[in-house]
Amino acid sequence: MGKQQITDPHHLLFEAPRVQSFITGSEAVAEAVKRANVDMAIAYPITPQSESMHLVGELFEQGYIRDFYRAENEFAVMAAIHGASLGGGRVFTATSGPGTLRAMEMFPVWAGARQPIVCAFMCRGVSLPPSIQPENIEMGMLLDTGMLMLHAEDGQDFHDMVLAGYAVAEQPEVHLPVGVFVDGFFATHTKDRILLPPADLKLPPYDPRTAPVPTFDMETPPMRITRDPLLNKSNFISGAANASWHQEVLAAAERSRRHLRTYLGGLLEVESPKAKTLIVASGTAVSQSREALRLLQAEGIDAGLIKIKSIRPFPEEELAEATDHADLIVVPEFNAGGWLGREVKAALDRNRRVVSGPRLFGGMSMPPGLIVETIKGAMATKNRSAGGA
Amino acid sequence: MNEMSYKVLPGPEGFLPPAAASMGIELPEVGEALVEGGVVSAQQGLEKIVEKLISAKNPVFFPGPLILWNWKDGVAEKAAALKELAEAVGAKIIPMPDYRPKYPMINPAIEVNPNHPNLTIWHNKIDVCVFIGVHCHYANVALKIIRGGTSCYTIAFCGEVGHEDAMISLRGAGLSELKKLTELVKKRKGEVKGD
Amino acid sequence: MNKPIFQISPGFEEIMPPEYRELVANGPYGKGFGVSDLGSYKELIEEHPLCAGCGLALSIRLALASLPNPGDTVIVGSTGCSSLVFPQVALHNIHSLFGNQNAVASGLKRALKLRFPDKVKDVVVIAGDGATADIGLDMVMQSWFRRENITTIMLDNEAYANTGGQESGMSRQGAVLNMAPTGKKFPKATLPEVAQAAGCAYVAATSPAHPRMLEKAVRKAVLIAREVGPTYIQLFSPCPTNYKFKPQETIPLIKQREKEGIFRNQEYISDEAQRFLDSLEEARKK
Amino acid sequence: MSEKISIRMSGLGGQGAVTAAHILGAAAYRDSLQVTVNPFFGAEKRLAPAESYVRISREPIFERGEVLYPNIIMIFHPHVITLGKCYTMPFFDGLREGGTILINSGTPLDLTKEDRQSLAERRAKIYYVPATEVAMQVSGTELSTNIAMLGGLYGIRPITTMKALEESMMERFGGGKFVASATTAALDDAVKEKFGKVSQMIEKNMEVVRKAGESLTEYSLS
Amino acid sequence: MIEQKVVNPEFLFFTAEKKKLFMTGSEAVREAIRKANVDVAISYPITPQSESMHLVGDLFAEGYVKEYFRGENEFAVMSSVAGAAMAGVRVFTATGGPGTLRAFEVFPTWAGARLPIVCAFMTRGVNSPLTIQPDTIEMAYLLETGILMLHAETAQDLHDMILKAFIVAEKTDVHVPVGVFADGFFVTHTKEALEIPEPDIKLPSYDPNNSPVPPMDMESVPVRQMRDPFVMKSNFISYAAHASWQQEVDAARERSRKYLEKYLGGLLETENEDADVLLVTSGTAVCQSREAMAAARAQGLSVGLVKLKCIRPFPAQEIKALAAKAKAIIVPEFNRVGWLAKEIKSVIDEPGKVIGAPRVYGGMTMPPELILDEIRRVSR
Amino acid sequence: MYYAARVAEEKCTGCKICIISCPDSNVIAYCETKKVKIDAGRCKGCGLCVSVCPKDALTVSQD
């Protein structure tokens, strides 16, 4: 292990000179953890997350992180990470698909307990039938757990978002868990050109004393404290206290917007903003959409792209503004439920403009031509109905 | 999109076509059959099957476990009736002995599998196929895949409530329907010869 | 042929793929075959995709050949290398999730008892060490506490082999594996002792290096589970791929471990189970 | 290299299609080309069909996942076609106009009339290379079949400089950290055991590349 | 145990004579299960579900349920229930809040394996902070798991929906699990008047041989059979098979609509549907809305009510048509995120009409006055 | 191109230990001649049979 110098997140993310490398998404996340000054990581084997957590294990061996072990199942991993975070450590873990669902009960707990945990989710199909292939239906199930949700397009995003995740999660007024989501295999196993900041830099250590809740170390007052107390007496006041706690968790997520703009450069990103036809996507569906834009441009069809980087908080206002002039909005996604389409529709007015599709799942790739077909099909339908009117 | 106008026709239909039930196609009631997504009488359904079988270049029956295995009373009779029907049509029989995906490979010349039925259809150049004795879930999955990837015309002979993803589907069909079909085929073939 | 479900409908014998015809003509159902008959009948496992020299594959093959009544046995498996074998097995078998095999088996066994009160339906769990001793340990032990009439067979390859060779609760202390890059810090879990304490009527630890011992253990375990209570078998099944030894060394390695005293074959049988076996033996003699 | 090339490599588990994709991709990266490498894993073991994908271009590449419309298809084992040991079927579906097919075989395969016809319509070119034979002959192990397939590819069309290819192999086998499946790691060990020194192995592999390039035959579709 | 006669489901639901009883929601569950001809029930303690599963245990002791035990945790319970269902019997269980999340991984597998399990979800808040009080947030998590989701307004609904759920779930063309959701405490612990059939009749037993997938009993063909195998090799065809399987599960959910229409009398129910302002909601938020509507109408305001009985499949077309006529749509909910409002917004043409309020959670009650305030605001 | 086990018939005594030490089903069969034979097409060439044969009757080689 080389000696690392502490630098502020802004410098690490935006100013430090970057070196180009040709690595997989799994390697990219380990590179982020290497620079994140993580105290503790806990792992459990699950495809396609395993490679990255093997590499994180090696970081432990090399001394970049201070403790690491394999726990007995994902629920236990997430509970142990919860414990480590209560103890004041900066923690990292990762899971995937069925593992996410096995640990489901813990995610709202993290958020409610205001823990700045960063967890990578290498999305895959959930049973049944069993699948280890890419699909992001698990994100649709996590939308209301209270954690912040960032969706990486590729290995570069994955790397940067893990680092940005700590910077945002640990803001005293935010102090919430951040899930960094990436589509398994499409991003984790693809080798790509990735720009890395120097390995001799790292984030400043986490300071639990700035947390909005006390640390469990018997070094922090008050002495008499339980996390989190049973606010469940059967009376109006304890019901109201419980509800207010939830409001505070929602408020903390709202407060993260400002920091997400700083560290992600915005909750969404727009390409060809003036186009009347817009694709709205997140994750690797963005990559496929970029290719679709090329195909459309080659045919002289003017189309633009909105990449949603933050799913929670969701950029409702930015999205409404960016799409206000559009008359066709297409939302391609890698899951059967179409959760992003639903989010988009719920955020916009004039829903008839929105086509929720194409949707691919079960491990299927999304040919860019399919997005083009969807757009042309929707245009044809519109022209027909316009002609008929 | 007007969902009610959806037609269940031979493919290949798109990259990942939807299940017909998600496009508004409903299963037939007792005494009815489905033809290309529309409801007709059971008798019309039978006649349409005969028409398709007789005009096919390479019609093939895909019997599933419920009829291939002599596992309960009544199966042997149905099996015999199916053989007779296939002979009357001049169709081949390719079995679907079970439902597990066959990896690393299947011999598409001699069997069919619900997880990758297209391998068998492509290999044998089947233009009309009939599912019979296949548990509904696996039949539906297979019929949808076939519609997605091939131009094969699919017929489903169902002892339960039918299949939207087949181009023609009977419900509550059993021994008597098999016999009726054989009769109709023989009659039609006789007519054809008579011309 | 003791059961109609293994018969091909008349007229379809010709069109059935050869492996099915062979299974019907020459399969093990109702014939009372055992390990010694291997090589002379059509086995329950078709071609499987596990690695060359896989100790776990050999354990499964021997365990299936040892079932006292394969025609009425339902297997519950779990995620792992073994779940790649089960699609090729000619028995009803269930893959549910990772680690919940004994919970699934509990519900299954009780429901089969309800549906077939006059028949014996053996429910056998076959799963790896990750599924049994780590992620599913609570459900494994609770099924023992509840005295469920099921047999649990653990295929112990001392790692999570299917996800790329991570350390498991059954790995040996000091083993350097993925997710244990500085060596495992705590000893191998002592499941046979745990099983005994948790109420198993029969417990055995052995390996495919002793096929006949393995066979006897499986038979006893399944028979005892029918009448007396839960039973547990642990089969040491080394993994050449993840422990990086040559495929031909799988069996020699077990023997080496035995010689060094690191691995020992063991058997525990409760008094009640022993009396039950004795009664079976007496009935057989009569 | 003017346009984007999308390569689909189909083989049987254990033949090194994934490794070949990594070596080719890393070589292109060394030559400052835009490149992504996408291996795909199922729960496969030995002899199961396996595929990997490489996309190379001068323009940025965004799309990922399966290469559904390849302009080069590399077939590491004839069984992929003759026994349907690949479920990306019908096998030649999606091959782009003027595309190339490279098959590991000493003699032309018995392609169906329909396949020949549809390939001819697409002005496809088919090449054969006895990759396993060359691997055995030159390096004494069939584990170099994947390298010989790369040799065949370079014989048709030098995708990168030979220097980049050699350096890429050095990087792959030179003991550097590489994320691979456990089975691949075991095979790596077998290869390394075979040649005492990495440099010796690379030398042999480069010879495999050259020899395979010379052993190409083009098959006429007309 | 009294002698029970098997009757056809329609008779039990619609024709059988009913008697009036005053009981809690938990007791209503017991009365439903008493007549449901359940083979196996498995329980795990969690508030507020426990009472109902104690009572189901009593039914086991009396002989109405054939097998019953306490599992070790909710994940195990849901797994055991799956094992029993695969063996071909009718099963019932219940959970709530944190228990739902503990077992979460299992729910999509029930749907994917086409198991007609009926599970009652007595909804409550999930941690943190810890609460046992009513809250419907768990429903948001379950929307894409493939299970059918019915939402009971009252104990009467809970009783009726559980019985009907078995019949819909077990239709060959449906054959997916049904979750019957009832807001904890507000329904489970409230005593109210019910009208239910006498306990001397019961539903016909489940026949696994009409299942779209074979039971795992070594009595059904095929013999070589794995439930449910990995359709996950890395090639186009196996991805397509996996995708088609998911589509089929979704299709099964679609096919349930006609049975739900028949047995529930529609996926939704309306009152004054031509009004300017529509209250659209589900569960006990409907009760509160009824009070608010009455108060508003007394003040001369034009207010209607849409009670959603079924959340999955979602009555999208029906809502879209109703929404087109309304000037404003108010969606009161018992959770912090407003998942129902989002559902509604995403299926109508003008989501701007939707007011996702009031939202009450953490165990708080929703005074009808709060809804009335919203009505007044939009009626201005 | 793959390795497979082979039997030297003259050395085989038909003790079957190889059959019950093979991780793959129906690869080594017991024949009428009371010796074993190997289905080379399905043999993965692991050599476990070689390691247990008391008569050194088995070898693994490439076809």
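As written, the chains take the letters A, B, C, D, E and F, and residue 1 is the first residue of each chain.
Convention: contacts are C-beta pairs under 8 Å (C-beta built on N, C-alpha and C of every residue); 3 or more make two chains touch, one makes a residue touch a chain.
Being a predicted model, the structure only gives us computed values, none of them experimental.
Summed over C-beta pairs in contact, the chain pair with the top total is A-E.
Chain centres here are C-alpha means, and the one lying farthest from chain D is E. Centre-to-centre spacing of chain A and chain E amounts to 31 Å, using the average Cα coordinate of each chain. Between the Cα centres of chain A and chain C there is a gap of 41 Å. Residue positions 75, 105, 109, 220-221, 223-226, 228-234, 236-241, 243-245, 247, 250 of chain E each touch two or more of the other chains. Among the residues of chain D, those in touch with two or more other chains are 40-44, 46-49, 66, 68, 87, 89.
Counting partner chains per residue, chain B shows two or more touched chains at residues 16, 68-69, 71, 97, 100-101, 103-104, 116, 118-119. Residue ranges on chain C touching chain A, taken from their complex, read 79, 95, 97-99, 130, 134-135, 137, 160, 163-164, 166-169, 178-182, 185. Within the complex formed with chain E, the chain C residues making contact are 3, 5-6, 23, 46, 71-74, 76, 83-84, 86-97, 100, 103-116, 121, 138-139, 142, 146. On the chain E side of its complex with chain D, the touching residues are 230, 232-239.
Contacts from chain C toward chain F in the complex involve residues 35-36, 38-40, 42-48, 50-55, 57-58, 61-62, 208, 211, 240, 246-252. Those residues of chain E that touch chain C in the complex are listed here as 39-40, 42, 66-67, 69, 71-73, 75-77, 79-89, 91, 105-106, 109, 216-221, 223-230.
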